[in-house]
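Down below are the structures I want you to see.
In the two complexes below, subunit A is the common chain; its partner is subunit B in one and subunit C in the other.
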Partner chain A sequence: MELTIPLIILALGAAFGLRKPEISLVTALVALALSIVVEAAILVSAMIAFVAILNIAALFLMKKSYLRGVDYALVSLMLIATVVALYSTSFAMLILAFILVSTPTYMLVMASESGAKVDVGVKYITFMVVATILFIIGAALTIYGGSVNSESIQTVGICLLVLGIAMEVGAAPLHYWVPDVFDTADPIPASIIASLAKFVPFVIAFKILFTVNTEKALLFIGVIAAISMLAGNIGALTSNKPARILAYSTVANMGYIIAALTVFYKPEFVYLAFAGVLLQLFANAFGKIGFFTAIREEGTNSVFSYIMALSFIGLPPLLGFWGKFYILAALIYANVMWLAVLLVINSAMSVPYYIRLANLLSGKPNKGLALCIIGISAIIMLLTVVPPNWLIDSSKVLVGYFKLGGV
Partner chain B sequence: MISALLAPLIAVIVAPFFKPREAAVLSAVAFFAAFVGLLIDAFTGAYYRVDLVQAAEPVGNIYMFGDTVSHAFGFTIAFVSAMVALYSYPYMAHRFEEMGLGEDEFKKYWFLHNLYAASMLWLVYAGNLILLYVFLEISLVTSFLLIYMYGYGNRQWVALLYFVWTHIAGALALVGFLLIGFENKTLALDSIKTVSFLAWLLVFLGMIIKLPGFGAHIWLPWAHAEAPTPVSALLSPLTVGLAAYVLLRIYFIEPSFIIDHRIPIFAYGVLTSVYAGLAVFKQNDYKRLLAYSTVSQMGYILIAFTLGAAGILGVVIQYISHAFGKSILFMTAGAIIATFHGLRDLNKMSGMHEFVPTISNAALLGFMNLSGILTIGMIGEFYILKGLADTFGLPSAINSIAMATMLSVVIVFIISGLYSFYTMKRIYYGTPADYSKVLVHRLLDSPLYVIAILSILLLLPPFATWFIDALVKFLGVA
Partner chain C sequence: MWLWLVLLLSPIIASIPIAVAWEFNRNIGRKLPVLSVVGLFISFLVTLYILLFVEEGRFSYPWLPGIEIAFIVDYLSKYMGVLTGFIAFVIGVYGLEYMKDDYRLGWYWFFFNLFTASMLMVVYSDNLLSLLIGWEGLGIASWGLIGHWFRDDDELSYVGVINRKVGFLKMFWSPSTGGWRAISTIRLGDMPMFFAVAAIFAFAGNLNISQIDWELLIEKIGSFGVAVLLLAFLMGPFTKSAQLPFSEWLMTAMTGPTTVSALLHSATMVAAGTYLFMRISWYIEPWKIHDAGIEFVYLLVLFLGLISSLYGALVALASRERKVLLAASTMSSLGLMFAAAAASKWIGEFAIVVAFWYLITHAFAKATLFLVAGHLIHETHDRFLCGDLEVAKKMKLTFVVTIIATVMLAGIPPLTAYWVKSAMDEVMHALHEVGEAPLFLLIVISAVYSAFLAKFLSMNFVKGRHVHLHLHGGGLMKTGYTLMVSMLFLLLAVILLGIDEHVEEFVKAGFHATSFMVGVLVTVAYAIGFVKPTLETKVGQVLADRFYLMALNDFIVPKIGWAFVTAVDYGNRAIDFFTHRAIPGLFESVSKGIRVLQTGRLSHYVQLALGALMLLLIVVSVAGW
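== the complex of A and B ==
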């Protein structure tokens, strides 16, 4: 296990960190650096690590927190779990990664500068525990159903698995916690939940569905995706608070990504769908970090906020466009035309609220670290001015790890 | 002269750092330089291509290329943008003052205006459908921001209406492009071999919204009327017609969709043109009136599409003549708005020729372009009629379809002529209203005449023979 060393460093750093937060900060960054160099397709890991670094930087913005010192380590732990999820082909390790990426957010969500927000924490943890249970039972049933050749068990398993993911990442119809939590929690923890925590559930879902490779429950996944896009967009169109708009935008974005899951039974196109999912997750992660930091700072430079909003809308050649582009391409290749058309209509529906969001958060200059975080989040959207071939290549490599080899 | 395409890029980057007046001149010079280069290319029928980057499937090779059709669209866009840049300076100064904004606002304006115009110019040189889509969306978002920030009326609502409709149009076309990519494993224009029915249909539907056709046109009068006038003078003459360019490129690869559905598309074009042409008579707002006239003119393009090689030549020339005519007309509307403090209600205008004779004469030249009198519009109408005769034969007692189509096209032409001169009479002639003669800013009227002169020059030899010959040769019109 290559990740043992970073984990030990992290544990030591966190232990000392409660006294001296600086130690934890350094060890968290060291662990980050160590964890990404372990396998091929390093560019994807590096990008995710970059999300984590921005998360840590955003935490640094909070002057105090009941978790100070440990919070850096928690973010770093989430990154290690994400890297494990990308490369592991063992079922048990994947479930472990799922739990490892979920539990740190239970603590992070309560962090704020005015003590622990226990009420938000209770609400969030309740939903997450149910989601985790649904997910684990669903995953186990799906694999078990495959080994005993029972289609009905497998179908039930896939449905539970998808419901678990839907609740975990905040997709409709199980999205009720998202606007509440995003609105009441401190913006910085909310940005971590909206960014780094989203990768693992989808990676694992892809792997399990790819392994069982059945067409059962395909329609179920498609319908969940369609409901989520629509509910998210309608919710965001009718919201006025930036945090609530962002919450519903998460719901809609998760819908787009779940739509890509419907391609899993066509092995020849999975790499395209997975590339789309990764790009969409990156666009979502950087955009959410930038916007939530802007909410905390009560505004930002209008150029930055418009770039991020336009990326969410899917304007080429920004990052958000390529995510939707590859998801659309995969859907069309796999002949799921109805979902492709729904995705297009929904992406057009999203225009008004992103523009409103950009407007609400425009017109206030930032300074120092906040400027850096928001600026980097915005400028990284321009990364794909050159078509992201590197991601397609990485996606092909990562699909090689999709077939699970047993417990 | 591919370097002609780089001149606008310089304007995009540099212009915001200059004082507003110098920036206007700089932008105009950059676009004018591009115009001259591309005009020479159009006359000589030059062809060039530049590879940019090789992307993974389904995108394929991304490159820029120029052929005679690109040059024809390209020099029009560069020329109109150059003139609108000059015109923008006095108009936007007036608009910023009206909105209580400072001169600093010009920085944003020049950046967006130049990027908007340049993205349209680059679009007609894009060699990959994704690159084309990228430029389509850049032109959309820049024009959207210009309307959103500096438009009239309920500008934010109008801007969103415009954005959502044209974004749907673009996204539908994108799904069509992706289907093409699925069938051909590439989106490079030179490597696409087939375009299936479904892909064609999606691209066609998307472009019908953008063009727009009857029914899908509801966003256009709002957007074109409430945009700040220099933006209207780019939106209406240049942007909507780019939908025709996109269809043209797909048509060159696989014309069967249009040929197989010739009659319904033709009828739809006639319906669009007649409906919008009649709607012009009912308008009481100068800019809204011009917007309806745009819809009517785009009907010509749909008609011309169905008429074989001569019709395709008609599409190209119709784009040019409409661009020239409509940019002149929108700028006359703007000149009146700027000079008479927001005057755009036709009921309050009458005999304006007395007060602003230069604007009135420019409007006459603009309407002559629309109705195809003594300007390049005449050649456009000629080729549409020639296409009709080539496609359906000459009208006679036994050839009833030729009779019906010829008659409907003639009615379409007559309606354009009628509303043009009816509007002239309503606004500029007749009993003068209660205004006094004012001095119009020099940049509010002279650019209009420059456009008018080019539109007349292109009707006359030697320009007409050079240019039409190059197009005829390229398109293989018998």
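== the complex of A and C ==
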């Protein structure tokens, strides 16, 4: 187990970190660096690690959190779990990764500069617990149904799995916690929930669905995706608070990504769908980190906010465009036309509120670390000015780890 | 190449200084019309040069892929070009005096010269697409000129008795209405014509009139297809040459300056329609093609022409306005030209030559009469037929010119039009396959035609009511129409001396007994018309009101238009409602519905989430996925 050493370093760092947060920061970064060098497709791991670093940097902005010191370790732990989820082919390890990504957020969500926000925590944890249970039961049933050749068990399993994901990442119609938590929690923890925590559920879902490879429940997944896109976009249209807009934007983005799950039964196009999912998650993660930091700073300069908004809209050649483009391409190859059409319509519908968001958060200069975080989040959207072929290659490598090999 | 550029561009370029100067300094502008006339003169010289020194043949220059700008010099175009150039130049000279106190000279001269250049383009073009450029130029220039007095403030420029109404029809028209009626009618015909030209290119792959292979077209799209194609194409000539039922615009085109009427009615615009029909018939050679579709179209044009001609003659007979009488008579003549040219289907090329010679004769005579009418309107300040012997005494030259023009045009032997008309009688007489009707109609039309020309003479100079004359100047105007009328003698000389290769036939036809009988009849009609020019009857009123055909332009078509407008308006409102109200409203309410779920109470959320969860699972199990 290559990850044992980082985990030990992390645990030690966290323990010391309660007294000396700097130690925890250093150990978290070291663990992070160790965790990503271990496997192939290093670029994807590095990108996710970059998300984690931005998260840690954002946490650094919070001077008086009750978790100060431990929070770095928690983010680092989430990263390690994410990398594990990418490379592991063991069912138990995947479930473990899922829980490891989920539980740190329980604590993070309550962090703020004025004591712990217990009410937000209760709302969040309630939903997460239900989601985790649904997800684990669904995953287990799906795999079990596959091994005993029972289609009905498998179908129920997939449905529960998808519902679990929907609740976990905040897709409609189980998204009720998202607007409240994003709005009332401190922006920095919200940005972590909206960014780093989203990778693992989808990776695991892809792996499980790819392993069982059935056409059952396809329509169900599609319907959830459609509902989530529409609810998110329409909900955001009349929202005026930046945090609320971001919340509904998350709902919509999760809809796009769930839509990509419908490609799983066509193994030849899964790499394309997965590349789209990764890009969309990156765009979503960097955009959310940038915007939430801007909310915390009560604004940013208009260039950054517009770059991020346009990336969310999906304007070529920004990051957000390529995510949607690959998902769309995969959907079209897999002949899920209706969902592709809906995706395009929804992208168009999202224009007004992203522009409104960019306007709301424009016109205030930042400085120091906040400027760095927002600036990097915005500039990274320009990464795909050169078409991201490297990601397609990485995605092909990662699809090699999709087939689960047993417990 | 330079020849054609000079021919077509010199009038336009020469008129640009006045068009520009008029907007900035009217004192300078008043001196510049001479320059425009010089431009017209240059064009005239070029047409003369083409007639005398340029070999017949095609001159083509590359343009678009598959389409070239092609000019042709042949029997029709070389004469027609000189005719246009000469008449435009003479009318231009006349206009120097007639228009000298006008308030929009820049506009007038620019469009006048554009008009001439466009007509020359139509005359010499062999390519249908380049011809269309001239054709459209005619349309826009005629709109500009007919509506020239756009202020509608001078009753002298109206048509009809001011404030007269018959039922729901307003029986008077202002210049701006006249301009609008002209352009709207013409566009109606132009649209099918464009499609027909496109279809010709698509099927025959060639737009050169002299090269289009009609046999191939018939082979490709069948008799019916060719008939439809030709009729669509002829919609352009029909509307431009004011055949029934598109004649109304021509009557109200009299709201323009008289010079415009003169030009419009002789060598340009209305002549363009008949000329184009003659030109394509010249190359279709319908007498060589045995096809039901072609035969149908020519039969239709024959009778449409004759009936339009009869209509025009009757309206002219009853008309009380100087210019409207002449306008209706023009329509009558145009009908005869169409009919004679259409007879070529059975007679051959000779019928087209007859029609063409009639066009030339008519052009000079009608231009003369219009110029006379313009002078009379100037001197009497009255656009209705009026004037007694005092007018004849005080305007001797005008009187004499009018006598010559009317007598020459009526077809009284042995004057100019007699020989042409005789040839036309011959042509109609030879239409055995069609029957006796064309000849009969032609004789009736000729008699009526002669009668109203005599009426024009009589009512203006001899038997009209007494008017007060405002004699002043008029030198250039007199020069203009004297020059114009003298051309009729030239034509007579050409015919009698047999200078042209085709006219010998005319002279032979003139010595036939039937032709002579018709000539006598025409003379008698002329005498009657001269002696008794007025006769008040109810029938006469209907004729004077043009059979109430204006109901079509002023009532029925607008009603159809308004029906469209209403339908479009409803569609428009529906779109507005959907895009501005319904869809945004729907989104807003759905959005509010989604957001109203966020009450902030955890128990509520859990209920909702678990409810949705259960619902979805139930749906899944019921649907059996």
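Definition applied: the second predicted complex is superposed on the first by the 407 of 407 C-alpha atoms of A that agree within 3 Å, B and C clash if a C-alpha of one lies under 4 Å from a C-alpha of the other, contacts with A are read in each partner's own complex, and residues count from 1 in each chain.
One rule holds for everything that comes next: a residue touches a chain if its C-beta (ideal position, glycine included) is under 8 Å from a C-beta of that chain, and two chains touch if they have at least 3 such contacts.
The structure displayed is predicted, hence computed values, not measured ones.
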| item | value |
| --- | --- |
| Clash or fit (per the criteria above) of subunit B with subunit C on subunit A | clash |
| First (subunit B), second (subunit C), both or neither touched by A:386 | first |
| First, second, both or neither for A:328, with subunit B first and subunit C second | first |
| Touched partner set for A:220, first subunit B, second subunit C, both or neither | second |
| Which of subunit B and subunit C A:153 touches, first, second, both or neither | neither |
| Touching partner for A:316 - first (subunit B), second (subunit C), both, neither | first |
| First, second, both or neither for A:140, with subunit B first and subunit C second | neither |
| Touching partner for A:345 - first (subunit B), second (subunit C), both, neither | first |
| Partner chain in contact with A:96 - subunit B first, subunit C second, else both or neither | neither |
| Of the stretches 205-213, 403-411 or 439-447 belonging to subunit B, the one that collides with subunit C | 403-411 |
| Intersection of the subunit A residues that touch subunit B with those that touch subunit C | none |
| Residue ranges of subunit A in contact with subunit B within the complex | 306, 310, 313, 315-317, 321, 325, 328-329, 332-333, 340-341, 344-345, 347-349, 351-352, 355, 386-387, 389, 392-393 |
| Touch list for subunit C against partner subunit A, complex | 587-588, 590-592, 594-595, 597-598, 600, 602, 605-606, 608-610, 612-613, 616-617, 620, 625 |
| Touching residues (chain side subunit B, partner subunit A) in the complex | 53-56, 58-59, 62, 130, 133-134, 137-138, 141, 145, 148, 160, 163-164, 167-168, 171-172, 174-175, 178-179, 181-182 |
| Residues of subunit A touching subunit C in the complex | 122-123, 126-127, 130, 134, 155-156, 159, 163, 167, 172-174, 176-177, 179-180, 216-217, 219-220, 224, 231, 234-239, 244, 248 |
